[in-house]
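Multiple structures follow.
First chain A sits with chain B, and in the next complex the same chain sits with chain C.
After this line comes the complex of A and B, so read on.
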């Protein structure tokens, strides 16, 4: 009887695993299929390297790819030192009671919906950026990257903390025994040992930054020109999809957003595989 | 997650009051009705839709009306697909769209599309050629127009917007819009963007203009309800409600309501001119 039950449970789990993985593949197939007519018409080259000017028959997503890259990488640049500082504080410098509260707070922050960050950014950060630099509207790459950086910081911090926690206690004890100061311990023991976990955290946060729609839509200005400075507006792939989805189903504009979807999908997949690869190689070395 | 948060753009109006006031003549047809009416599309229409829905739902709590935005493109698409009962558009649906979805068009109001700037901006008057130069990016500093020495920030709408279509056709004579322009997703978003940015210029439906933004006179004509109505302000368009095929039941009654005295009152109150 018990074996029977186990078998049923096993099959049910297998079925759900198959379903979810099939859906993932089906989504990619669907997007490629929907984007195909446009790819045949103008070719991949045109799509990836031409500007977006639907009234002139040009449906390239090149500016959006650049916009996504610029905003997400810049946000990483802001988030990395912040997260590093937070995780150092939580992981080693602060006393137990403080770090526990800090950690709770950061866990709470990961749950804040991105639209709230965007909303606060519009009213607080945009006027500051506009007046501080005295050019543009304040809706620009810099503003979006700053807010996005704040948004991904909690995620990254928690990843860092987790990888610090995984360091064998013997290492830390050895450092203590040698008379290392907390800072020395951090720099020479914790950081090198937690490197892999930290890289994972950075890559996954990058994935989050690339995938976020609302912050860029609300703060980056959504212009379709390739920006020349961080104070100019830009459009991300996700914001582009959100903006074009209102277009007529049969139009090439609408078709082109499937290509955006494919690009985003492939990027996320690449990130996932990279994380897998890094985790795997770490397991091999330890 | 509740369904509500999924449709974050959707504005679901549900006023469920137990006591129903006396039915006015315009609202009388709704007496025996019940059910759900779904409306989406043009964002210029929303204030009128909301108030009409409110009155109808107050009169008869058995009726529920949901109103979502999305823009003209979404309105036509969703009604064509049968996702909503009424799809609003701020432009006339193209012959191709009418043919493909068997659309029935009901124009219930006329609306102007006005260039707007921040109330702090000193520039409150432009010629049409200046307007075209601004939007194409040729004129890029307010100083050239007698304003502050700051770059002009252009705001426009997404390509599926009916407001954009009309402004581009009649306001800019189909001239180019700079690719460096900021893009916002609704009339409401345009208004708050311009209200926030002292150096911005954009365009909204005349019905949306209030103290948050200042209209810009075009060739000496200030866009107001009066100038749109008497035809002196030229950048105007019809506001349409579209149905798939001949409307029936609640859908038909809702559209008919927009043409009643009560409906016209709402349309006027919201800054549009009721269709004759």
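After this line comes the complex of A and C, so read on.
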């Protein structure tokens, strides 16, 4: 009787583990299945490198891929120095009491809903950008990237702090014993040792930036043309999915958003495996 | 000398960025609260209806946030209700049963799952609803049930990870004691290991609740609408706070509606802050509380 129960429990646990991992696969399979008819019709090239012009029968997602790349890379450009400075502050420069308090604040910041960032961005930042640069509506790549940068900074800072925390204590003790000041310890001991972890943090943050929907949807202007400067509106893959969803179920427009879904899925998969590979290869060498 | 100035520059740079981030957050929250604090009152939530009668469901609320708040609450409860059993069981399997190779493979799956953008999960939910609609029943469309299932996919990795991590964090002595006394593996897990790691699991669940409450991308594809009143059943469309905020920001008609948007934002942010503090508090202290078994 007892053995029987043990066996059932183990099977049940195994079953839920299999179900959870099946979800991961099912999402991709479903996307590919729904997008397949379009692929057969026009081919991969048409889809990925042609502009979006539904009335001329062209359903390419090229402008959205460029938009996603521009907005997320620009936001990374804003977020990286900010996160670097903040993690320095927490890691060694600020006194213990300040750094503890600051870290808690940053952890709390990760809990702010993205829709709030978007909401405040629409009513606070958009008018400022419009006035400052005097062109367009203020809904542009720059605005979206600024807000997105602020949004991913806490996450990236925490990734950096985690990689600082993983440094063996012996290294830090050695630096202390040699009479290094906090900033010397940071620059010559912590930073070189935490480099790999920090690269992982940047890659994961890029994944976050690409996957975010609301900020780009609310602030980037959603134009389907390829933008020529950062002050022009653009549309991301995520926003494209949200905007086209209302269309007819059988139409090629609707099919094409599954192509966006597949691209986003494959991108996150690449990010995940890259990080896993980097972590794993580092574990081998140490 | 060159090193000195590099060090000094680093210090100045760090404090500057810290200040910059701090002022950005203060600006964000300050703007929201200063512009919106006047609109936070009972009228914002209940409109013209009387609060008590609205809560007892005797009166419908037409111009308040009450349906959106209820919608969000029901949605969150349903989502974690689906996610907790599967998530915890998977976490237990990973921590206690899986051999290293299986674990590596499953780990990869859950890493990918936790990285999938929420809009893609929303798209999956939507397509699934359409699929069901076409092949099984006309009554099924984007609805509360589909939303909650999609959201549970989104938060599943949180629950799996926290369960796994807190089980793996239990020291060897504790792990072996009950086994040495003749307990079976199953008894050991349920009577010793789970109670020991309940705090960690709880904080994971609360983070998952916060994620469900704030996510907009999934629900905007799977059944949230701007006005429908209280959700009538799990096969009906519903209102939700984050979707309402998004809707107002793009479609507001007059100042009164805009103020409602500010009010809704403040309520949502307070809700998330409260959940986050609870999760933090549980992780910090309260261990004795969770360990207490009647």
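Observations, loosely collected:
The criterion applied here is as follows: the second predicted complex is superposed on the first by the 277 of 286 C-alpha atoms of A that agree within 3 Å, B and C clash if a C-alpha of one lies under 4 Å from a C-alpha of the other, contacts with A are read in each partner's own complex, and residues count from 1 in each chain.
By definition in this document, a contact is a pair of C-beta atoms (placed from the backbone, for glycine too) under 8 Å apart; a residue touches a chain by one contact, two chains touch by 3 or more.
Remember, predicted model here, so these are calculated numbers, not experimental data.
When the two complexes are overlaid on their common chain A, residue A:266 makes contact with neither chain B nor chain C. Once the two complexes are overlaid on the shared chain, A:115 sits against chain B and chain C alike. The wider contact with chain A, measured as residues touched, comes from C rather than the other of chain B and chain C. Of the two partner chains placed around the shared chain by superposition, neither chain B nor chain C is touched by A:48.
Look at A:130: by the touch rule set out above, it reaches chain B but stays clear of chain C. Residues 115, 122-123, 217, 242, 245, 249 of chain A contact both chain B in one complex and chain C in the other. Those residues of chain A lying in contact with chain B across their complex are 51-55, 115, 122-123, 126-127, 130, 134-139, 217, 221-225, 232-233, 235, 242-250, 253. Against chain A, the residues of chain B that register as touching in their complex are 8, 70-74, 76-77, 97, 100, 150-151, 153, 158-161, 178-185, 192-193, 196-197, 199-200. Residues 2, 5-6, 9-10, 12-17, 19-21, 23-27, 30-31, 34, 81-82, 84-86, 88-89, 93-94, 102, 104-109, 111-120, 122-124, 150, 153, 181, 183-184, 186-187, 204, 207, 210-214, 217-218, 238, 241-242, 245, 249, 257-258, 261, 264-265, 268-269, 271-273, 275-276 of chain A are the ones touching chain C in the complex.
Those residues of chain C whose C-beta lies close enough to touch chain A in the complex are 6-7, 10-11, 13-18, 20-22, 24-25, 27-28, 31-32, 35, 85-87, 89-90, 92-94, 96-98, 106, 108-113, 115-124, 126-128, 130, 134, 153, 156, 160, 184-186, 189, 210, 213-214, 216-217, 220-221, 242, 245-246, 248-250, 261, 265, 268-269, 272-273, 275-277, 280.
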